[in-house]
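Below you'll find the structure I mean.
Naming follows writing order (A, B and C), and every chain is counted from residue 1.
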Amino acid sequence: MTARVDARWAITAVTVVVIVAAVLGLLIVGGYDAPRALAALWNGAFGSSYAVFSATMVRATPLLFVGLAVGLAFRAGVLNIGAEGQLLAGATAAAAVGLAVSGFPRLVALPLALGAGAIAGGAWAGIAGWLKLRFGVLEVISTLMLNFIAAYLVSWLVRGPMQEPTRVYPQTAELAPSVHLPALIDGHRVHFGLMLAVALAIAAWWVLTHTAVGFRVRAVGAGASAAQSAGGIVLSRTTALVFLASGALAGLGGASEVTGVTFALYEGISPGYGYSAIAVALLARLHPLAIIMSALLFGALEAGAAAMQRDANVPSVLASVVEALLVLGVLAFDHARGRRGR
Amino acid sequence: MEFRGRPYRVVSNIAITLQAIDKRFGEIQALRSASLIVRRGTVHAVLGENGAGKTTLMRIAFGMLPADAGSVFIDGKSATLKSSADAISRGLGMVHQHFTLVPAMTAAENIAFGGHGVLDLRKVAARVRHLAERTGLGVDPTARIATLDVGAQQRVEILKALYGNARILILDEPTAVLTPPESEELFAWIRRYVAEGGTVVLVTHKLQEALAIADDVTILRHGRCILTAPAAHLDISSLVHAVTGDETDGLSAIPRRRTPVRGACVARLDAVSAIDARGVTRIRDATIECYAGEIIGVAGVEGSGVHELLRLLAGRLAPGRGTATLPPLIGFVPEDRQRDAVIEEFMLTENFALRGAGVRRGRMPWSTMAAQTAGLMERHDVRAPSPASRARTLSGGNQQKFVVGRELDEHPALVVAENPVRGLDIRATAHVLRELAASADAGSAVVFYSADIDELLPLADRMVVVFAGSVREVPVERSAVANALVGAA
Amino acid sequence: MSIDAGEFLQASVRTATPLAMAAYGELVTERSGVINLGLEGAMIAGAFGALVGAGVGGVGGGLAAAALAGCAAAAIMALVVLWLRADAVIAGTAVTLLALGLTGTLYRSLYGAQGAALSVPTITPVAVPGLAELPLIGRAFFEQPAITYLLYFLAVVLWWWMTRTHAGLALRAAGERPAAAFAAGISSVRVRAWALLFGGAMGGLAGGVLVLAQVGTFSEGMSAGRGFIAIAIVVLGRWSAVGVAGAALLFGAASQLQYVFQSLGWPVPYQLFLALPYVLTLLVLAGTQRRAAAPAALGTALAEDAR
């Protein structure tokens, strides 16, 4: 027992050492000014109120939405790797509805746009759910396919039916202020979407731990056979619900980007948030409240990495290396935990 | 002693020897210094109840499982078996109870497994046809396994072993899935194979079958080899005695129940049939009534359909034909506790909350449930630090006491218990059996299945035996049950 | 302006080459029962490996380094999935993320902060005498870089290997029913490990083709989802060697159609054609009753007692 606990500490230590060594190694191999780069990383993430409120938190917001989406799905044993596509579907619907209802007052227009995003994301995931329950199609493959279809759909829409009136730029017209999410702090870019995401994280935690439906979701994920046999839980019903809820969360993330950050839909509105989401959720061990923290950490990492590229010329993709190593570390940690007591 | 089959043949050399094999799975000691000596050119039956360790011993002989201790000799030479490939190369073949065939592939492809180099399927098919002709095991080598019936699949399994030039063949419960005529055909083939110098180790529950065909018999009980003798020296009653044993030590703590008061009929199956995913009828036209206050003992060997009958009664399996009238509240203690009854990563309170989870609405009343769980632990002697303990941290006995407690606590009209004391120690066994008796005394109808007749007989008010998919009631007597189990009148 | 069908086909085959290369690797991996989402990572690692290797040892060095780099990415995958027994989906995503990050960082580190456009020795198309003169398909299939011919050869060998050797049979058994393989003395762990490494090497080679035979240089994230396309190709090709060839051509042609329509001046959205193969893949999956064509054990971990 003690030996196993030691193994877990050892893995944690090894993971941290490997990450630090990889970062320093890459900096040194590249001949960068390491102290300057690290300073830029820190300053870009936490060094100023601008860094915190206009960089870190802005990047953390979509990561929190999709991290929750993936976390919820994985919690129920649904391997949804389609958060990227669901986010795009949500962003598209939010932009379309947002443009259509711009004449309405904000209290009407904004919920309509956000709601459309959630519904579209849920519907996009619902396709994969239907394919799984009706035809037994592995959701790993179907959600991946749907990511690409969504990306091409956006690419076409912003050059075709939804293109801005001048037909010059491959994007939609800008949303009217009535469908902008209000800023959270005056003069900073962080917007109300973060509050919404945090509220949803708390709500997701509460639903999972304190309600009957949340308990069903957890039971199906932790032991589908016992959930069915001892609990009389209908697996297909719970699975379908999880697909829809997970997709809606990711779709809301897309809607929040469109109405809070970009104010228009364009290609590449997501630099792979849906894939980073898997790392975000896994680092938080799929716990909704911990996902808030891991989304902030990943947001900080990406904000800092961007600053590092700006100020010290160190490529920002270094952040991906850190993210990937964190995930691999968690997998090794879980392995040690699973072996304990066997 | 009557003469059975063939004269006793004297064969000098030994085909396979298993010596003092130990094997432990977690808490369960599956084999304790088990030994087996099989003479060449004979049929050697290995008998024992479910869980006696027969299959484990055979998997070790075939290199699929490493033994904790002990040694294997093949043809008199010490054999270190790292995988079944090592066993196959030494002339062993095994036909598993659950066939190890790939349904999407053809018979020839399945038979060709484990070879090296270029695969010429036409050549394989030709050899299989030749082999099939010579042995009388008719199989179309180009047929997909998924399209073959169970008997043909078994012939493929045997051909697979023979294709690898097996001289020693292990057959694990080969007749469990066969119809009586198919079984007859198989036995005829076994006799020919042995007459040509082959050796067969036949693992079975069916005692008469063993007597009909075996030269030697070894009996396993609780992981120990308790008897090896020539079949000619044995008869069915001595076998029943040896297989089931006379152990009542673990059961002495159970008071014989008072005379039951038969109440109202609470559950009823009316001409119910169950058909599995592959279209095989597992239960045929079963009719059974369960009355409040009685304990119905259920017996049946693996593959007889007994598990399907229990699931029909527990409302976990919808009848394919016929009608099942069941009460709204049923307590179900499934055989595979860790898969079907508890979620090991969940706390006890959460596992308690599983019951009724499918229809619950609104908030989870956790504090009430924690108190209820604590009460349940108290009443049912579940030894765990607190209701917040993970199920994984409990011993098997305490897990089972928890499950039994959860399922009985609300006084369901019907209780279905499937092998509820499997793998438990004496104390936990006695506890669980007492709980079932108390539940019946309190007015529940209890359906109790065990692989061990001696657990059933002291408790059962009525006995039902499932054999080859048909369900019939027999007197609560050891000989009647034992005979019905093996299909004897 | 008219469209030369031969030219269109030639471009389709060119685009399809790296896709098919990676898809054949993934075919072997999936036939062993593992979905390798790290294929995209193997591909970008291979592309970077080709850049480094070509600088040292020319085209040959580039291809060798590409295969090696892809193999390394797959080795991490094998380690995590088979040894640590982690979920293959999560592991694959992590491997892809790691490879994208590492190659991006190293590229700028080694070749300048601006990522100055480097050119590498490239493989030029070689016409096969005789065959290249065939009408329509001649130039399309037989005026290609030599690596494409290697791919034709590999595809045939792979088909033969999977259907006509015992090793190929063992591969399929591990993907269909590991318990059956285990009973015959075949270690599914070993089979899956080799299948992953082979798939990684092919994915790496595909990245190498991208650099050495098509673009002529490396850029960050240049695999651009082709690894995932390769997974779609395997599904669309219904896990058969012949099907994969057809599906790869379809994806290649779909991406070339945009240029056709551009040059024709037709207002047909090209994204439609790019998305079409993915939609087709989903339809094929739904239409194939209950995963009939997929390896039965695809995406399932190996049981404790049948490894």
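In this section, a contact is a pair of C-beta atoms (placed from the backbone, for glycine too) under 8 Å apart; a residue touches a chain by one contact, two chains touch by 3 or more.
Predicted model only: the values in this text are computed from it and were never measured.
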Inter-chain pair with the most contacting C-beta pairs: A-C
Identity of the chain that, by mean CA position, is farthest from chain C: B
Whole-Å gap separating chain A and chain B, where each centre is the average of the chain's CA atoms: 48
Centroid distance [mean C-alpha coordinates] between chain C and chain A, Å: 28
Complex contacts: residues of chain C adjacent to chain B: 163-170, 172-173, 176-177, 179-187, 296, 305
Chain A to chain B touching residues, read off their complex: 209-212, 214-216, 218-219, 222-223, 225-227, 229-234, 341-342
Footprint of chain C on chain B - complex, ascending: 63-65, 83-88, 94, 96, 100-105, 109-110, 112-121, 160
Chain A-touching residues of chain C, taken from the complex the two chains share: 35, 37, 76, 80, 84-87, 89-91, 93-98, 100-102, 104-110, 113, 220, 225, 228-229, 231-232, 235, 269, 271-272, 274-275, 278-279, 281-282, 285-286, 288-291, 294, 298-299
Interfacial residue positions of chain A with respect to chain C in the complex: 26, 29-32, 79, 81, 127, 131, 134-138, 140-142, 144-149, 152-153, 155-156, 159-160, 275-276, 278-279, 282, 313-315, 317-325, 327-328, 331-332, 334-335, 338
